Structures are given as structure tokens and as C-alpha cells.
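Structures are listed in the sections that come next.
Each of the next two complexes has chain A plus one other chain: chain B in the first, chain C in the second.
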Partner chain A sequence: MNHGKTRIILLFLALPLTLYAVLVVSPYAQAFQISLTSWSGFTAGKPFVGFDNFQRLFQDPDFWQALAHNGLLLLVVPLVTIVLGLFFAAMLNVGGSGGKVAGVRGSAFYRRVYFLPHILPVVITAVLWQFIYNPQIGLLNGGLEAIGLGGLAHSWLGDPTVALWALIGVLVWAGVGFYVVLFSAAMQSIPKDIFEAAELDGAGRFQTLTRITLPLLRETVQVAWIYLGIHALDAFALFMVLAPSGGPDNSTMVLSQYLYLSAFQKGHFGYATAIGVLLSLLSLLMTALTFGTSRKKTTIEF
Partner chain B sequence: MTTPPTPPTPLRHTHHTRRTRPTAHLATGVTHALLAVWALLSTVPLLWALISAFKDNRELFGNPWRLPSAWHADNFTRAWSKASIGDYFVNTLVVVFGALALTMILGSMVAYVLARFTFPGSRLIYYTFVAGMAFPVVLALVPLFFIVKSLGLLGSYQGLILVYTAYALPFTVFFLTSFFRTLPTAVAEAALIDGASQEAIFFRVMLPMAKPGLLSVGIFNFLGMWNQYLLPVALNTDRDKYVLSQGLASLSSQQGYEADWSALFAGLVIAAVPVIALYLMLQRRIQAGLTVGMLK
Partner chain C sequence: MNTLPPAFSRRALLRSTAVAAFAVSGAGLLASCAGSSGDSGAAAEGKVTATNPFGVAEDAALDVVVFKGGYSDDYARFDEKLYAKKFPKAKVSHSGITEIATELQPRFVAGDPPDVVDNTGAKKMVLGTLVADGQLANLSDLLKAPSADDPDTTVGDTLLTGALVPATFDGKVMGLPYVFTVHGFWYSKTLFDKNGWTWPTTWDGLTALAAKIKKAGIAPFAYGGTTAPDYFLQALIALAAKQGGADVIKAIDNLEAKAWQAEPVKAAAEAIAALASSGYFLKGSEGLDHTQAQTAWVQGKAAMYHSGSFIENEMKSITPDGFDMVFGAVPPLSATGSLPQTALYAVAGETYVVPAKAKNVRGGKEYLRTMLSKKAAVNFTKTTHALTVVKGATGDEDFGSTALGSVTKAIDAAGDDLFSTLFTSWYADLATTLKTEIANLLAGRTDAADFLSAMQAKADTVAADSSITKFKR
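== the complex of A and B ==
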């Protein structure tokens, strides 16, 4: 089977590996090195300053504020999205009236509709919500007035106390449909006889959900958590469009945005890259933690 | 995708319904109400944007829940030509399809070689690609900017195509490697004995067999590339070369000065249509393609 093997390996790997090495591996490697310099981008040299950038970061209130915002996103977005996703998936798949195994009528339609916000490119979602939150022409204030709640009307993105929550709302809105579909697929892969056995044993609808369906979905939920967490650590496009300079009083500044603005507006390339290094460590740490805790428990095979 | 309801046995049925019917009906009603609420939340903003795209500026500032008195299709022509959405659209098509083609061909070549042959360094190469999925792209942004600059490719189609491809490779290679491993090799071996070259076997035998996998990862990559904002915003600084996401974002930030809101709504619709159309056509496949990466 080795006839022509060496040639095809060299032929097929040469171009993609060069591309990958130059445009992906090398920038990542350089990033770690640049984070130890005070490079401002347009000077020839990259003065080595050791861990100075990191020391300055830890004393920078803007950094801590951005980190806190990411922390909030990391907690709230996955939690709300997963709870809603599980809730709707459970409704669609085991909420029907024809027994605990059946889905509700029209569940395929619901899944299709729920997925729509997820399919939209992020920038379109962002511009769309910019309109919805707009105090003059916005759908939200108009809607609140229409149902007599005009007193709740807000300049949603202009008020530092609500701006971050407004952005969280958009992240959840765009995310839920994807997780409904994901959890639905996972629920449908659970063998039907497990549900039938539970029904025979007299388990109610709620019991079946909490004792059988949810425990069997634990691994999928974990993967979803990582995925949403990494998303929440990034969230660049949405924040850049809806709150270009970090929102009112920096109230929506997140790390990826702080990195971008430090680098491409202020020219602090070394400093910006140090933010990137910390951000990467955070997302790696989160992945490791989630996988670490999952390994300990036994998984059920079927 | 709906699960057919399994009819319970008659005996259990009578026993069961007597006890649970009223609450079960209520529960079903509540279920439907909640499901409908989220369905409205998912669609109303989109419909509102679509309808608003036909209003003139004066009506836009009126009641957002009212239909336009006259449907202004000219918003779309103005968005397409005057607001340059047409140019951005063409730029996006060139970059996305260029990068998609390159990603699919390079990605499947790497994946095939890694799946079929073991050679010194093969595992290292595989894990280098896998590791590429673990780091946030924003970390690479600053050095990447200067690399692309030194190659003279800032603000060019070629630059964006190469960068999009490079960052799409990790997942593509990861996904297709496991896909190629599942394909039977009997036909390939027979062809080899008949004197076909390894390259011919790849293009004529294995690639056609891998079509379902290529399609899934192709859809995934297409949506990701159409979606891309971070890379172009850093690397594509030339206004004439803007892709849709950049163009829309910059238009929306300029509206405060130029105040042509209706053209912006129309631009939004133009940018969303290809993705939504693709979704409606390939709904099942797209859902599978996007979730498959996570269930593996």
C-alpha cells in the first residue's frame, strides 16, 4: 500500500501546512513573545520588558472592569441560554399530550423558527438590535408604550445601568434556538423504552424530566456550557457594533474589545497582546475545568 | 423529526386518563403558549426589520408597529447603489467563495493524508491543527495584522481569502480526518492495484465518497465565513474592499450623520436574505451541520 505514499504526503501537505504555519501558528507563537514587550507597533524594535505588561494590567481598573463584565457574561449567558434551551427542548420532545414519550404538535415548526436568530450573521443581529433598542424608532420602547408600559421605556444602550443587560439579552436571544435543536437531538437519541419503563413505574411528567431526561443529557449540557462560555469570552462583533467604544462609562467593555481598542486605536500592541494571553488562559482553563469535573463521574452508555 | 406518539395499551389508557386528563390538558395549553411566545420573540424582530425596510424615513420615526402607508421599494435600490451594499455584497461573495473553495480542497487533502497514512510527524500535525481550535482568534490578531502587512496583502481579496482559509482549516481538518477514517478503502486499494496513482485515487474515488462530510463542513464554513467580522475589521481596512458585515456595521454607525435609516434597514434585509434563504432550503442539513461539531 506504500506505492506513491511519500509523494502524496509531501504534495498534499506542503501548501496547507505552509499557510497554517505562517498565518495561524506563527501569530499565536509571536503573541506570547510580543506580550513581553512594550512594542507600539510602528517602532522597529520590540523592547523586552518581561512581565511589565501583566503587572500594569493587574493595576489597570479598566482591565478589571472588562474582566468583571466577561465574568458576568460567563455566568449569566450560559445559564440562561441552557435553562431556556433545555426547557423548550423538553417541551418539544416530551411535553406532548399523547404520553410522556411524545413531542408536542408542530415541534418541527418550532425548531425551525427558533433556529432563525442563530442563523443570522452576528453583525446583522447587532444592527437589528441597535434598531430595536433605539429610543426614537425602536421596536422595544414602541412595544412597551403600546401595552401601557411606556414608563419602562429606556435608552437601552445609552444607560450604563442597563446597557450590559441589554447586550446579554441579545446573546441569549441569538443562542437559545441552537441549543433547543442540540438538546432535542440529544433527547431523541435516548431510547424510547427508558421512558416507557418510567411511565409503567408510575413516574409523572416532571419526574421523568428531572430523573431521566436531564441526567442523561449531562454531557451535552457540559459541552454546551464550554461552547457558550468561549462565546461569552469573545462576543467581539456584537459588542463592537452595539457599543463601539465600550458603552456608556465603559459599562459594556469586554476583554476582546479592550484588546482591539488598545491595539488598533492606541497602538499599545504589547499591552493588547498581554490581554490576549490572559484571555486565552481563561478560556483554556475553563475548558480544562469543565472536562476535569466531567471525567470523575460515571457516564451511562446506551 | 417529530416523534410519532406511541399509543399506550388500552388498559393503561383508561386507568391513566381518568386521573390525569384535566391537568394534562392544562399543561399542554401552557406548553403551547410558552412555545408560541418564544416563536414570536424569534420572528417578530425579523419581520419588523423587513417591514421597516419599506418605510420612508418619516414613517420610521412614527409608530414602529404600523405598516407602511406606501411600500418604498426604492429603499433597496438606494441601499444597493448609494450606500454601496451592492459592492460589499460582491466583495463578500468573492472572498467567501474563494476561501470556501480553498478551505475545502486544502482541508480535505490534509485530512485524507492524516487519516490514511501514518508517517513521522503525522500525529504532531494533527494535534497542531486541533490546538488551533482552542485559542481565541483575537489573540493572534496583532501579529497577524503585521504578517499580512509584510506580505503586502492588507485590504486585498487574496489576503482575506488566505486568512479565512487558514483559520477555517483546524475544524475542517479535525472533522474530515475522522470522516475519512470511517470510509471503506477496498475500492481505493483495488484502484491502486490497477495502477492508479495515489492522487488520482483521492480525487476520483475518495473525494466523491466523502461528499456528505464535505457538505456538512462546507455549510459550517460558509456560514462562519459569511459571518466573519473580527478578521476583516482588522485586516481589510480599505473601504472599497469592505465585506457586508463591515459595511453594515460602519453604515449603522454613520446613520447619526447621514440619517438615511430606511436605506440601512433595506441593506440589513439584503445582507440577511442569502443566509435565511439558504437556511430555509437546507434547514435540516444546516441544523445537523452546525450541531455535529458539538456532538462529536
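== the complex of A and C ==
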């Protein structure tokens, strides 16, 4: 009796599943297969070398350096972006003074302005910041000198001690707006009577923020953390435009960039694919860890 | 009353697994279909005559792929017209693209590459890889063939000294570099004349000039630290070679032990490190890319910029009128060097290759022979202000370009004393390390000794790595 239903379900699922298998799963399988070869990219044949690529990868100091840089990105970018996003979202939604649960004056304007960087294509953002970071005529050094902080002027993309932080700054700048909107939406879905009840109980604004608003946003923050974590592992376009050879003294090389340069500049396609396989495993691991450690048994419904 | 959906039956599970397995193996089959080499049948042979030395069939089509960059691709259309005049029955197809490797890689893997490829640009194919994979045709018969203008001279004899070096692997010529580039310092004649500065003939003279320029309030040198610090490699090699002879470069290219620790190389590295420690570089150069540095240079913020002769064409739209860009060769460290003061770092670029599996290999070689005719060479220099590898094709004519005039004079003065280095195109890993380390040297983060030991260490690692194909010169 219900066999017919199952058959129809499978029939409708067959096409999307096949598309998924061919377009998503099989490239992963092919990637794993290529990572076991020493393919140079221009021949039809791919000489098999087993796990040689992975062995060399683990002994490659450049790989570990790039991984360390990705690790730093993974720690800093989600943290800073989410904290800033939450702060701005709180200001724009519940930060207003005067009794009502509303944002500060001009919230509508700020909301649009904060979202603007997210609309810009990554390459345009990169070129824009290249001009801002120009040590000679750029906005940043010029601005610092104008307000008397000329001592803080650096060669932002040329100094190994600040280059990576300069790039992290751009990543955060470009990403905060989206999360302000995301968290704003989440905050606005919290019923106003919860806030009114808290106010009646004598909770101050900061207490409301930390004890009520943030816990209710837990799942949204978790999702944001995963998005940003994957973004930190994948950071590519920005780094390729602002630091095409890995930055001063290799201080901004990230795994995705190392992968690209190994494949297209050095002709080591097998090696590059091995990096790709490791990257995807890392992303999976990170996602699994995030879901695993932050799952709570009780979810609040409203 | 809704019943819960039935549990997934075993039959349904097996069926869906079969579908998935079929899809994956199907994809694998498709991939292997794409991977099998195409039919590489030899093109029909035409009659070998004096004007058709390779025996190109008169109706064989020619597929030309050109890099559309700073030199554009109009010169290629001109050359194709010349070819079509000789073979009116042949269909000549032209594509001017910027991403050579990206667009041609699938064609190479499928065994269906074009007949002639201009392998240049940021996304060019790695020449060493193509050679190691046997993907390119040997051009020795092209060099032995009679030249297009004078049947008594071979093509090889019409070329400038060292033109074929960048495309020679283990003594075999696997490509034709077409554009002859000299590397050295570039400056504005107008600026120098205004201040009464002349181009020095010794390195000490250059540092003294730099001190004068700095006093005048202009930065003596500029460089693009984030993208092109390796432009100064040619200066380093020029200093080392002029001091110790071309064997110094050969040792470096051949990855010999202690090649980077030779005395001339040490002296050269120290000379360049001294520029950094004397503060002769435009402030903030290490954080500029080459476009920003070059713009600052033509705007007068820096006096001298080290680059190849492509710089004039590259900065054409930004250089202000009356700049009068001219070339200044790197002056030697001392008067007792192994090479004369007029010796030049000169290298041919814009390498044209004929893929071995192309359908019309003979036509490809004939097209290259056409490009090396005087007519084609003069047309190229007239439209791009860049020299071809054809010796003396344009005589003293400078087509209104001060840069070209100064380059021609320098090449004439140098005669056969032209040298260049190859390791950056042979060993990508070493080239990457060079870029990082020379940026450190120019920024003053490391000194000459650290730079040289870092380069030597990487050279030794590459030499010991058996998975990297080695070349010798």
C-alpha cells in the first residue's frame, strides 16, 4: 500500500540526487583521486603517487605557516565580527533611550550604511582598501597624521607585523554589516513584552542585553559563527588582490592562496588538490565541533 | 487519522544506492573520456620548397592564440595576413585572450591544442612543466631553416645573442621568445637635464647621484614591494655578472652549491642592501604595489625605477608629456669587472610555442618564421615601441620614443655582451622564495648575508628534491 508512495518519492528525488552526485559529490571524489597523483595539469595521464603529497604537505613549513594564519583568522574574525555585530544590532534595536524599546536616533540610516560594505564585490573592496592603505597618499596614514597620530602610521601592506591585521580589519569591515542585519532580525523577533517585563522587574539596559537578549540569540550567533568560520578558512579573493605573493615575508599567506599558487604558478596540481582535501576536512571538523560543543538541550520558544 | 510514513524499505534503500553508484561511475566514465588523449594524426605534408621549408600543406588550417596584453594583438593580425598571403587556401583563426593557462589547459588535456600559442601574461602556462611533459615541439628545424628575407641566412643567425636562452631546455630550443627586453634603471631625461645630472658609469657614481637626488627632495629609487620586488633581481644579477662574468649566473641557474655565496654575488647584494640602509628608496615602497610605485615615479616623487623595457608601454597612458623616459644601464661595481661596462641584462620574453600535439605543427613553425621577417619585426616595433629578437631590424629608427632610442643605443654598444638569468622560470619554488627574500632585503628587514643564505638554503633544497625536473645551461 505505501510502496507506491515510496516509489514516487524516489522518482522525484532521483533527478536532484543525480545532479547532486554528479556536480557536488563526484568533484570531491575526483579531487581525492587527483590528490593521490602528481598531475602537472597539462597531461591527460595522472601518475599515481599514493599518499606522497600528504606526506610532503605535513613536512612543508609553508603549509604550517599558512595553517597558522588561517587559525588566527578563525579565532579573530568570527569573534570580532560577532561582537561588533551584536553591539551595533543592540544599539539599533534596543539602545534607544526614553522608555520605549527602540534603537538610537537615526537607526534606519545607520542600518543602511552598515550594510553597504557587504554589497560591494570583494575585489572592489580590496582595491578600495589598497588605496586606503597606501603608505604614501592613503587615507589611513593621512588621517592619522592629520589628527596628530602620525607615529601610528605604518606601511600597512608592507610591514610583516601589521599586514595580516590590516587584512583582518578589511574582512571584519566587509562582514559586520551583514551580521548587524542578521542579529537585528533576530532581536526584532523577540516579543516586546519580554523586555517590558524585564523593565518592570527593574533590569537595567546592560542587564537586559546580557541576561535576556543575548541568550535568546544563541542559535543565530551559532549560525553566524559557522558562516564566519568557513569564511575565515576560505579567505581567498581579498588576499589575492592585496597580497598576491603571500605578503611581506610570507606573513599573510593563507591555505586557499597557497593552494592556488601551488597549482597555477608552480604547476603542482596533485599537491594543490591535497591541500584542498585537507581544507575541506578542516571545514567539516570545525563545523562538527561548533555544533557539538554549543548544543543546548533546552530551546526557548516564543 | 494520518499514519506515520512507512519505514524506508530495504528494497528502496538498495535501489537508491544503485542509482547513486551509477551516477558516480557515470561521472567517472565521463571524466576518463575527457582525459583520453585526442587523435594526434600528423598533418598532411605539402611540398618542401625554398619558400616553404617545413612543407606546410597549402590548405591546412592555422589556429593562433595570442596574449592580448600591453602590446595588444594587432601585430598578430598583421602577421596572420602575411601568412595568409603565402597560403591563401588556409583558414587562419585568431584569438586574443588574457588567461592563457585557464583557457588552453582543457585543450592540452584533451589533446587538441592550438597550432601557435603566445605564452605570456599573469596566467601563462609554466613553460618548464610543458617541456617536462613533452607537450611542445622542438624548434631546431625552425632555426636551421632559411630566413624569410634572405635565403642564404638561417633564421637562427638573424636573432640577437641570447634571445633563445629563456626557451632552451637542456640544449633544446622549445619556444621562440619574441620581444627583446633590456633591464635597467629608467628615468626622466627632462628631470635629469633640469638638474644637470648625468647617467653614471660606475656604481659609486650612482650612489653619489642618489645622494644628490635625495638632497633635492626627491626619492632616488622606488619599487613595488607587494607585487614586484623581484624587479631588483635583475639589478643584483647585473652587478654580479658585470663583476664576475656570466659564469656567476650559470652557477646560480644550475643550482650549484655555494653559488649564492660567490664573491661577486655577495658584493652585489651588499650594494643593494646599502641602498636600503641609506634611505634611498621612496618611503613606503614596501607597502606599494608596482602600479602605485610606477605612478609615483612618473609623477616625479622618485627619480629612478628599475624595470624592463616594457615599462614605457605599460605607463603610456599615465606618463605626463615631456617626461622623456630613457634607459640607464646598471653601472658596474668596479672598473675591473669581468664584463665591460656596456654589458647589458637583456632577455627575450613573450615566448611563442608550438604544441607538439597540434594539428598543424608545420604551419605553426612557418608562422613563427613569418613573424621573424623584417616586415613583421618592423611593424611590431613601430606599433609597440618594443624591440623584437630580430637583430637590427629597425636600425636606428626610434619611432618617436626616447625610451626605444636609448635602448637601441645600449644594445648596439653592448654587442654580444648580453646576459640573463633563468632560474626564476625554471624553478617556481625558488622564484617564490626570491620574491619574499628580496622584498625583505629592499625593506631593510634583512641584510645581505641573511638574504644570500636564505636563497642558498632554498636552492639546495630544490637541488636535492628529486620530484622537481632539473635543467642545465
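Everything below uses one rule, namely that the second predicted complex is superposed on the first by the 269 of 302 C-alpha atoms of A that agree within 3 Å, B and C clash if a C-alpha of one lies under 4 Å from a C-alpha of the other, contacts with A are read in each partner's own complex, and residues count from 1 in each chain.
The rule is short, and it goes like this: a contact is a pair of C-beta atoms (placed from the backbone, for glycine too) under 8 Å apart; a residue touches a chain by one contact, two chains touch by 3 or more.
Bear in mind the structure is a predicted one, so any value in this text is a computation, not a measurement.
Undergrad: Check the residue A:H3 against both partner chains and state whether it touches chain B (first), chain C (second), both, or neither.
TA: The answer is both, since A:H3 touches chain B and chain C.
Undergrad: Where does A:L11 make contact in the superposed view: on chain B (first), on chain C (second), on both, or on neither?
TA: Only chain B; A:L11 stays clear of chain C.
Undergrad: Classify the contacts of A:P248 with the two partner chains as first (chain B alone), second (chain C alone), both, or neither.
TA: After superposition on chain A, A:P248 lies in contact with chain C alone.
Undergrad: Output check: A:S38 vs chain B and chain C. Expected answer is one of first, second, both, neither. What do you get?
TA: After superposition on chain A, A:S38 lies in contact with chain C alone.
Undergrad: For A:A288 in the superposed arrangement: first (chain B), second (chain C), both or neither?
TA: neither
Undergrad: According to the stated criteria, A:A68 is in contact with first (chain B), second (chain C), both, or neither; which is it?
TA: neither
Undergrad: If you stack the two complexes on chain A, which partner ends up touching A:M240: first (chain B), second (chain C), both, or neither?
TA: Only chain B; A:M240 stays clear of chain C.
Undergrad: What's your read, chain B or chain C touching more residues of chain A?
TA: It is B that touches the greater number of chain A residues.
Undergrad: Based on the superposed arrangement, let me know which partner A:L157 touches: chain B (first), chain C (second), both, or neither?
TA: Once the two structures are laid over each other on A, A:L157 reaches chain C alone.
Undergrad: So, does A:L79 touch the first partner chain B, the second partner chain C, both, or neither?
TA: Neither: A:L79 stays clear of chain B and chain C.
Undergrad: So chain A touches chain B in one structure and chain C in the other; where do those two contact lists coincide?
TA: Of chain A, residues 3, 5, 7, 13, 17, 22, 25-26, 30, 41, 130, 136, 244, 264 contact chain B in one complex and chain C in the other.
Undergrad: Spell out the part of chain A that touches chain C in their complex, as residue ranges.
TA: Residues 2-3, 5-7, 10, 13-14, 17-18, 21-22, 25-26, 29-30, 38, 40-46, 130, 133-136, 141, 154-160, 242-250, 261, 264-267.
Undergrad: Touching residues of chain C toward chain A in the complex: what are they?
TA: 5-6, 8-9, 12, 15-16, 19-20, 23-24, 26-28, 31, 35-37, 101, 105, 108-111, 123, 125-126, 128-130, 132-133, 135, 225-227, 282-289, 292, 296, 301, 428-429, 432, 435-436, 439-440, 443, 445, 467
Undergrad: For chain A, which residues are in contact with chain B within the complex?
TA: 1, 3-5, 7-9, 11-13, 15-17, 19-20, 22-28, 30-31, 34, 41, 84, 87-88, 91-93, 95-99, 101-104, 107-108, 110-124, 126-132, 136-139, 142-143, 146, 173, 176-178, 181-182, 184-186, 188, 192, 196, 199, 205, 220, 223-224, 227, 230, 233-234, 236-237, 240-241, 244, 256, 259-260, 263-264, 269, 272-273, 276-277, 279-280, 283-284, 287
Undergrad: Which bits of chain B are touching chain A when the two form their complex?
TA: Its residues touching chain A are 1-8, 24-25, 27-28, 31-32, 34-35, 38-39, 41-46, 48-49, 52, 60-61, 63-65, 106-107, 109-110, 112-113, 117, 119, 125, 128-129, 132, 134-136, 138-148, 162-163, 165-167, 169-170, 189, 192, 197-199, 202, 223, 226-227, 229-230, 233-234, 244-246, 248-249, 252-253, 261, 264-265, 268, 271-272, 275-276, 279, 283, 286-287, 290-291, 294-295.
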